[in-house]
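In structure tokens below, several structures.
Okay, so chain A shows up in both of these, paired with chain B first and chain C after.
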Partner chain A sequence: MPKSRRFFSAPNKRELLLPALFLAPALAVLLALSIYPLIYSITISLQQETAAGVTWGLGNFARLFSDNFFLTALGHTFIYAIAALTCEFLLGLSLALLLNSQIRGRGVFRASLLIPMMLPPVVVGVVWRLMLNPNFGAINGTLKQFGINTESLTWTASPKLAMLSVIAVDVWQWTPFVFLVLLAGLQAIPPEPYEAALIDGSSRWQTFWHVTLPLLKPSILIVLLLRTMDLLRVFDQIFILTEGGPGFATETISLYIYRTAFRFFDFGYAAAMSFVLLALTNVISAVYIKFLQAKETI
Partner chain B sequence: MRLTLFLILASLVLLTSCTGNTQRKQVTLAVVSGVEGEALKQAAADYEKQTGTHIDIAEFPYTNLFEKELIDLKARTGAYDLIMLDDPWFPRFAHEQVLTDLTPLLQKRGKSGPDGDFVETSLALCRHPYQSGALYALPYVGNSQLFFYRKDLFEKYLMKPPATWDDVLAAAKTIQEKESAGANGGQVYGYVERAAQGNAAVADFMPIFWAFGGEMFDANGKPTVNSPQGIAALQLMIDLGKYSPPGYASFNADDVGAHLLQGTAAMSINWPAWISSFSDATKSKVIGKMEFTTLPGAQQPGQAEIGNWLIAIPRDSSNADAAIDFLLWATSAEQMKRSAQRGNPPTRKSLFQDPELVAKYPAYPAQLRSLQSSRPRPRTPYWNEIENAFGIFLSKANSGDLTAAEAMNQANAEIEKILQRAQ
Partner chain C sequence: MSRKVAQSIRYVLLTAALLFSLAPVYWMLTISLKTEVEQFASPPSWFAFTPTLDHYYDAFVARGFGDYLLTSAIVAVTSTACALIIGTLAAYALARFELPWRLNRRLSLWILSTRMFPAIVTAVPLFLMMRDLRLLNTRASLIIVYTGFNLPFVVWMMRGFFADLPRDLEEAALVDGDSRLGALVRIVLPLVAPGLAATAVFCLIVSWNEFLFALVLTQTDAAMTLPVGIAGRVTQYEIKWGVMSAAASVAIIPILVFALAVQKYLVRGLSMGAVKG
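What follows is the complex of A and B.
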């Protein structure tokens, strides 16, 4: 095709062409799958559909403040995230410290601890839904064997116990992840600081507080950051376990966003909620990074 | 180089459009997975053999079907030529003006309208506005709620089949008290309700609400669920909950089914799809003991909630003619009988009375009575949102979080908010 050659006659243009060609697919995918949807979701979050037609403005964001469902779901999300994160971190840290020592059979423990984490959240949801069933479930069945009255222990069906149940399932599934990251962090600490502490005559508690914890800080930061982001957008397990119920007792932001978008078909409002969730996650992450990194320099 | 790329792309486009343009007629059909969609899929295969029209099937689980269809129809992709719709979705689709008016297509085929054999309440669902408007769909599966009760226990305690909700409450009390050291070796609950937020709670509540004279909207379209009748109806639901297995505030249809099949509950509102499982020895401990009848009344006669599957043609279908031919064929008496034999209740009066089918499905007479006296969920395009809000407060009242009056007042306020936003 001699005609087409004319376009690329300059040699420097030809040199540019090849790298550009290689970059183009990745760029196209990025544009199509990330950038375009992001811009599109910003525009629809600024649109409200009314009987008169589409109006532009911040109406969707203003509506958030008078929406009881949204505010309650936001509260639930934070309760869920804080409670689950605290339990997972404390349990994960204890397990990591325990299995970092030279106890017997630690290989078996380490391997078996990782099982919950490897299951898909949906499977975990289904398994726990069956176990927590008040009438036929394994948990109440076991409690009955010990002569405990399970009449009022309806777990996911009880407005008081439902939140506790979904948090417990999350702790069951994700403590292993915290454990794994912290264990890796512990094993990366060289023996010298411990030897020095031993020579200086520090107690076990002092060693933990002044040697282990500061050196573990990067791992702690990573694991808290990842878990917080995951917890704030939790969806699958709760959707399977309770679908946000009973009533509204375990509805989180993600569930409410899903419902608004795909049940009520109000994409603009759902997008607005998503951006609020994104902003909150960013703020919290920034606080973590600042707080945990600043202390490291002391 | 650019030219080569262009030529390749252009030839690809040409090639694909050629294959799409073959002589054979082609129709794409969106169905729900499960027994309702299965029957239509089999019908489509039969049709393909008979006429040579190729039918592409796109199958989705219930929860995804609605979003999939509405997104495609609103984006005007023309991806589907026929869609299955659950009837509460219909007002939304009709309101968005994404469906084809079927009457001109029928007239082209020498018909003035749908034939008179369809059950009136089923056909009314297919019109927008309800009952009186233009025809945008045809009914395919004719479900409506039934009242399930344990015939053997009612005979044992010399009780008549319940005619009112007060009868139900009294019978539930009797059975639960007397069967507590049960003959089956365990507790039999008097009743089993389902009050998980959303569809479950609302579907179980509407028949009680209507029987007590409750109306969701007044003549001006204002919500009135917190009327004295509405609050009394919810109070009855809560009272009946005392005889329901613990945790019923999170029950869905499968929990209700499990209790009835295990013989651990004596009465319930349920859907016809469950009937056949009661005579299945691998699932049922109550073979021959379950009876199915129309719903009890109160101040008003009992009315079931209708739940039909409709089939419609999207407005942007480019094969509307091929689609209507298949639609008329699939909803004909002959083909619907085959669908009935595959387990779906029909929407034609003649089939509910067909001796062969009645022999196979003894509950058909009761189903027809229930269907003919049934009511649809309130016809509003915002039903999904209203049902969600209403269901949350019903569930909260049943789990003991709110009193009946509190729940209804809060529900009313939320429903009003939804409607105001829509204006």
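What follows is the complex of A and C.
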């Protein structure tokens, strides 16, 4: 779209007053609620309370490297993110490919698959506490009906199965999102490349690999980017399901920061850790965005 | 493999996916309607039980969940209204006025980037700020925080809707002597009303579902939202499963209504217009 079509007339001083007035409230709110807190957070991360009073320095950041709890929480976050992302992507892509063909009642399927991801995360936590409860949960109850011994299957209460359980819950909730975005991407692909592939005599697999996948790549990258950012910061469902336990088995970095700040009231250290999470999120999304832009220039 | 077989396999798989999505939610619904004896029945009864509304009465009349529900509604509606007003003005400026120094693009990207911070990163300083302002345990603190949280989303969505709109109508209104603000209110807003409504619904959903800020900023009954109220019951030692399920089931109702209302815009909304480009 040429510039002159899109915008009103060229700027002069009078013309800029109105947009400035329109933008001012939004910029003020964002400065107060995003930028100021960030600066505030930097200053508290540089302070440590000692017996002699508050000292300034990088002490909180130095602590990170020798804090095994922090490193373990970081490891858990990566395991959680990678496992959930892989499952959600593969399942979501399969579902999208399945539903992209002519199917009666597609609207109903689509609407129903949306429900898990729209639910409040706290409700998701409650739903799965009820499903996974070793005493009256539907999962163990159903397994028992098939004659399976469920004594050791205590799910979120078991150190071995807790991580698997919280990952499964994430997959349950967020696969539909991956599915939706990829389905929208699939439906935006024009029919011509497929017709060409058909004329060339490509097999279904070849068509998928050489036509569908490359054309779907922007959607794939966007959905992976959005999911990765959400997975790295996961808090709500795990808080309800296990509170990071049993022991430390499902403690992710957001939970550890929460505990440090609001249970131990060590705000400086919590702020320092939150910057590690922020940096991690930024670096990983920058990589995705680079891939995305590389694609667009071709 | 014939087409018919392939098609039936599709339906079987889809039905399985559907059951997998919905059965857990349905299970919670049954727990909220079962007596405490029936909740613990083995094998689990999915259909055969005598429904009772006792837990709903217990949660919303006898216990404080009615107040939490009210707080959730007030916070969600007020913060959505604030974010819509502030955000729509900014979006209009970004979509319709050519700003110097390529500010249209730069400001849009900067606004979007503020939404990308992990919540816990801002939760720590926001807690301290609200403590200094003596706003902890007030609905106002949540309204303020959610307004800021939803604002980038409103700007980004509405900017897209404004950009999609041909500007001839506005120009006609301007020629007829309408002011810019007049043209925005009388001509443009009615045209983007569906987009505005969809954006509003998204903000309502986000505010309604939000948990971490509510947990950090409100710990007393005076300003507790429904999710925090439910979470408080979950982590106690003796858990009233029926009460909790009843509260959680009620928390779902507005979400279901909203989700159906914005189905069309869902993908665009959830990926903030990124998919559409």
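Please note the rule applied: the second predicted complex is superposed on the first by the 265 of 298 C-alpha atoms of A that agree within 3 Å, B and C clash if a C-alpha of one lies under 4 Å from a C-alpha of the other, contacts with A are read in each partner's own complex, and residues count from 1 in each chain.
Assume a residue touches a chain if its C-beta (ideal position, glycine included) is under 8 Å from a C-beta of that chain, and two chains touch if they have at least 3 such contacts.
Source: prediction; values computed, not measured.
Enquirer: Taking the superposition as given, does A:71 touch the first partner, chain B, the second, chain C, both, or neither?
Expert: In the superposition, A:71 touches no partner, neither chain B nor chain C.
Enquirer: Considering only the touch criterion stated at the top, classify A:287 as touching first (chain B), second (chain C), both, or neither.
Expert: neither
Enquirer: Touching A:135, do we find chain B (first), chain C (second), both, or neither?
Expert: both
Enquirer: Kindly classify A:154 by the partners it touches after superposition: chain B alone (first), chain C alone (second), both, or neither?
Expert: In the superposed model, A:154 contacts chain B only, not chain C.
Enquirer: Would you check which partner chain A:248 touches, where first means chain B only, second means chain C only, and both and neither mean what they say?
Expert: first
Enquirer: Is A:90 touching the first partner chain B, the second partner chain C, both, or neither of them?
Expert: A:90 sits against neither chain B nor chain C.
Enquirer: State whether A:26 touches chain B only (first), chain C only (second), both chains, or neither.
Expert: second
Enquirer: Considering only touches as defined above, state whether A:181 meets chain B (first), chain C (second), both or neither.
Expert: second
Enquirer: Examine A:262 and indicate which partner it touches, taking first as chain B and second as chain C; both and neither are also allowed.
Expert: In the superposition, A:262 touches chain B and chain C alike.
Enquirer: Please tell me which partner, chain B or chain C, touches more residues of chain A.
Expert: Ranking chain B and chain C by residues of chain A touched puts C first.
Enquirer: Enumerate the residues of chain A that count as touching chain B in its complex and touching chain C in the other.
Expert: 3, 7-8, 135-136, 243, 262
Enquirer: What part of chain C is in contact with chain A in the complex they form?
Expert: Where chain C meets chain A, its residues are 7, 10-11, 13-14, 17-18, 20-25, 27-28, 31, 39-44, 46, 86-87, 89-90, 92-94, 96-100, 107, 111, 114, 116-129, 144-145, 147-149, 151-152, 155, 163, 167, 180-181, 205, 208-209, 211-212, 215-216, 226-228, 230-231, 234-235, 241, 244-245, 248, 251-252, 255-256, 258-260, 263, 266-267, 270-271, 274-275.
Enquirer: Considering only the defined contacts, which chain A positions touch chain B in the complex?
Expert: My answer: residues 1, 3-4, 7-8, 50-51, 63, 68-69, 133-136, 151-152, 154-159, 162, 242-249, 259, 262-266.
Enquirer: So in the complex, the part of chain B that touches chain A is made up of which residues?
Expert: That would be residues 1-4, 66-67, 70, 92, 195-198, 245-251, 258-259, 264, 382, 384-385, 388-389, 392-393, 395-396, 398-401, 414, 421-423 of chain B.
Enquirer: Given the complex with chain C, which residues does chain A contribute to the contact?
Expert: 3, 5-8, 10-11, 15-16, 18-20, 22-23, 25-27, 29-30, 32-38, 40-41, 44, 95, 98-99, 101, 103, 109-123, 125-131, 135-138, 141-142, 144-145, 172, 176-177, 180-181, 184-185, 219, 222-223, 226, 229, 232-233, 235-236, 239-240, 243, 254, 257-258, 261-262, 267, 270-271, 274-275, 277-278, 281-282, 285
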